[in-house]
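First chain written, first letter: the chains are A, B, C and D, and each begins at residue 1.
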Amino acid sequence: MLHLPILQVVIPLMAAPLCLLLKRPQLVWLFALFVSTVAFIISLLLLQQVSTTGVISYELGGWQAPWGIEYRIDQLNALLLIIISATSTVVLIAAQTSIEKEIPKNKHTLFYILYLLSLTGMLGIVSTGDAFNVFVFLEISSLSAYSLIALGKKRQALWASFQYLIMGTIGATFILIGIGLMYQMTGTLNMEDLSQRLPQVAQTKTVFTAFTFIIVGICLKLALFPLHLWLPNAYAYAPSIVTAFFAATATKVAIYLLIRFTFTVFGLSFSFTTLPLQGLFLVLGLMGIIVASSAAIYQKNIKHLFAYSSIAQVGFIIIGLSTNSVMGLTATLLHLFNHAIMKGAIFLALGAVVYQIGNSQLVNFSGLGRKMPLTMAAIVIGGLSLIGVPLTAGFISKWYLLTALIENNWWPVAILILLGSLLTVIYVWRIVEVIYFKEPLAENTSVTEAPILFLISIWTLIIANFYFGIDTRFSVQLTQSAAQSLFGLSP
Amino acid sequence: MNDLFAVVMLLGIYSLLSASFFVAMDAVDVAFTEAAVGAGISTLLMLVVITMTGRKENTKRHKPFLALIVVIFTGGLLLYGTFDIPHFGSADSPIHNHVTPRYINDSINEIGIPNIVTSVLASYRAFDTFGEVVVIFTAGIGIMALLSVAHHSEDNHKIAAVNDSMHERYLVIRIVSKILIPFILLFALYVQFHGDFGPGGGFQAGVIFAAGIILYSMLFGLSITRKVISQPFIQIISAVGVLLYGSVGLVSLLQGGNFFDYNVLLTDPVAGQHLGILLIELGVGCTVTSVMIMIFFNFAERRELQQHNNIHNKDLES
Amino acid sequence: MDVLLEIIASLCLFIGSFICISGGVGILRFPDFYTRMHAVGVTDTLGAGMILIGLMFYSPDFLTLSKLLIILLLTLLISPTTSHVLAKAAMQNELKPKLQQKDSDKELNSSNYS
Amino acid sequence: MITGLFNNWIVIVLMMSGLYIVIAHGNLIKKLIGLSLFQTSVFILYISMAKVEGGTAPILAENIKELSNPLPHVLILTAIVVGISTTALGLALVIRIKEAYGSIEEEDIQILDNLPQSKTQKKIMDGEQ
């Protein structure tokens, strides 16, 4: 029990090179699935431990915190760990079937290794309490992400991956500069230690610059509105499994970093009073919602469509942050959780379609509602959840967000958000129309339902979607107490 | 400048100059690494790629004004940020007074090796270094996933024929490097095991070792080198390096300490630290060597394949 | 004795640096690739060698001396080889030396290289 | 006053030239070169902050009192490795892009990407009719 925090990261990490020794893809898949499940169980145990004993601190190498590297798990970390490891496990169930048609046979083993490394990177970013360690694990996850995206079948995948590499590296280097400036002013790299030492130098120009660089760097990774250009292509051309995994987790990790740096490291008073961060997040979030949703309406490829929708959802999440209240932060975290569930399901379902008909152009979907009823139902339910229809998980997070906005008396913002949801209705309706009210294309008449492993993983997420839409005790309680502890209130 | 070859050479020179700057700034370990990596391996890799993609650049600028605005804005912000930075070389700035004094004053008692950089790298912040090894392992795997080609067995006569013709052309340099390569490998091993006392360590040693082998394969042909060091073999070595590093941590877990707590490896904590550092440096060395060789092999194989295809296409056309 | 050592050492250093500078001048003043490379290749070996020898006289202990000796040997081995390879690469890329080019240079060139 | 910050200003100039190359140049190899220039300049920023006036390299020996700060050195060792990994991966991508598109200029690639798309769009429109 004592070593859970480190095992959470090290088990998938050590499993990756072991896969190289196993060689046989079938075996490697089972092994990766097993490892991911173990990681999921560990994250649940960690959550339980956190909620009984409070923050867990684990000193690597037995060196005390500011000198050695510390792993620090509180409720926020535990929540993120669960999101990441759970989606990873569910997505892996379908992986074997999906990559059969999308990736050449001799690269299957390498695919699983990269997948595990990417999982490791994300888990590492979330668990660590050391600013520089964040950078190292960020690079592990990004490097594996670039290679995974480049494994896509079309040549556009290569170009998308290269663009992502350039943007991602600039972002990471910005974070590195920020960490360097911070270190120069305080002499420490440990987040807890930084948060104690930064207020003494908070008024200096250097700390302001450091903060800006870190925020911009994270926003590049996050694909916040004006910096989102790399995302749609990367999501659209990557292998379907990779898209499902990244759409559910990658932006979440970046948002975690944003919350961690603004709330914990720099502290509330610095982030929200010294800087106009609140207004900035609000404006960028709103613009992101409107622009990305409108762009989504005009997409011809459904993967592109939902990629733009992801950018819009990031907008919702950021607006929650900008309210600077416990309620708003709860909404943000809830939406993190719920968005992972619904986007995971949607992209997995798209993966199933790609498996059956070879691409994800909107035209090809016509009439598929009768051919692949379960898969299509999953896409529609996911879409409804994106809109925020009651009984789905999306409703809960939208509800909390609106409550938080009304609490702040931000009526215009609330109205704009409803408008954004309206745009969501439009693009989801386009898909519904094509799926159910059009005749199937000639070449798609013999299409059948997706393979069973696909259906298992898709419907696991859909059922979770309904469950968290109806029984909100678990998710709301968890996010609320995480938000309260971030604001320094005792839960 | 639109000749990429010249640009790459200039980048190499820039790296070498910054390495000398690092020496002037007392960062000998970093200088060593920068010289080996920046001026050595990365220049080499870029040159290999240029031979495949052409060395002329289109001179048209892409978005000069946007770029200029971004650059001026970022630069201005950074400039603004520098005004409160502690002055260069001043001993009373926070970084010299908060965390570091413990490394400087106590590491000799706690770890027992004179090179503080190595003790911080391999013990106090061992997990960062583990991450670094995994990063390079990831890059190796990623490049393999991108570039690996199916193997076709080559017949020995052909190799011998090519070998002979090359022997004529590269006689001098072949003989000289035959003399030099053993020394390069020996030097790599020296750097590997001397990292506790002077600048050096697993990473630098790995790069030098890989450079020796890459030199050999450039002069004597890939196929001959591949007979000694086959692809699967390097892959296994790179995995073993990461596993070795990680299992040092796992063993310390089993012994009742925290992850990477070398104190519990042996009964005497300082000896335990020595053992731990030795083992993880070995792990780093293994992974770095094999990944570097792997990267070069994959690049060069791809290049051979391209040339082969080109010749084939020309035959078809004529 | 010390004075003598000092004088020898500084003489070596002086000669070495003079040769290096002359190489630098050569790189600027010579007309084409091969002659420039000649300037650098020759002076680099000799100049660096002289500087290393000079430093050896200054070295405080045996360890430094032996390290310098190894560097010297490596320089002697590597520097000519690299010049050789450079020249060879230039020849293979059909870079022609600039010979005495006056009125009749075309004939001269063709007669030399046909 | 001014000399104490001089090192940072040099670093800023270097960094910004790297960043400019990344954004403004269309050639992919040139972009990677700019990226590595950018990263190397950040290394210089870190290393120059570690220097202590009158200090020596952080290797313990007798009769040495003042040492430079070893921690930034450690961080930069890690960062150099990360840098070379990124560059190598980027180069591998460039090779594949060259094979797939036949060019490594950003503009050519964008043109080539748009061509088949317009073709498919036509196809789609035909299909709808």
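One rule holds in what follows: a residue touches a chain if its C-beta (ideal position, glycine included) is under 8 Å from a C-beta of that chain, and two chains touch if they have at least 3 such contacts.
Everything numeric in this text was worked out from a predicted model, so none of it was measured.
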Centre-most chain, if every chain is reduced to its averaged C-alpha atoms: D
Two chains sharing the most C-beta contacts: B-D
Cα-centroid distance, chain A relative to chain C, in whole angstrom: 59
Between chain B and chain C, centroid-to-centroid distance (C-alpha), Å: 31
Inter-chain centre distance, chain C versus chain D - centres from mean C-alpha coordinates, in Å: 35
Chain A-chain D separation of Cα centroids, rounded to whole Å: 25
Multi-chain contact residues (two or more partners), chain D: 15, 19, 49, 71-72, 75, 78, 82, 85-86, 89, 93-94, 96
Multi-partner residues of chain A (at least 2 other chains): 132, 136, 139, 143, 146-147, 150, 177, 183-184, 189
Partner chain B, residues of chain A touching it in the complex: 3, 6, 10, 13-14, 16-18, 20-21, 58-63, 66-69, 106-107, 110-111, 113-114, 117, 120, 124, 130, 132-133, 136-137, 139-140, 143-144, 146-147, 150-151, 177, 181, 183-189, 197, 201, 204-210, 212-213
Parts of chain B lying in touch with chain C, wherever the complex brings them together: 172-173, 176, 179-180, 183
Footprint of chain A on chain D - complex, ascending: 15, 19, 22, 28, 31, 35, 38-39, 42, 45-46, 49, 71-72, 75, 78-79, 82, 85-86, 89-90, 93-94, 96-97, 100-101, 109, 113, 120-121, 124, 127-128
Contact footprint of chain A on chain B as seen in their complex: 77-78, 80-86, 93-100, 102-103, 123-128, 131-132, 134-135, 137-139, 141-146, 148, 150, 235-236, 238-240, 242-243, 246-247, 249-250, 253, 257-263
Chain B partner contacts - residues on chain D that touch it in the complex: 3-9, 12-13, 15-16, 19-20, 23-27, 29-30, 32-33, 36-37, 40, 43-44, 47-53, 55-61, 66-78, 80-89, 91-96, 98-99, 104-107
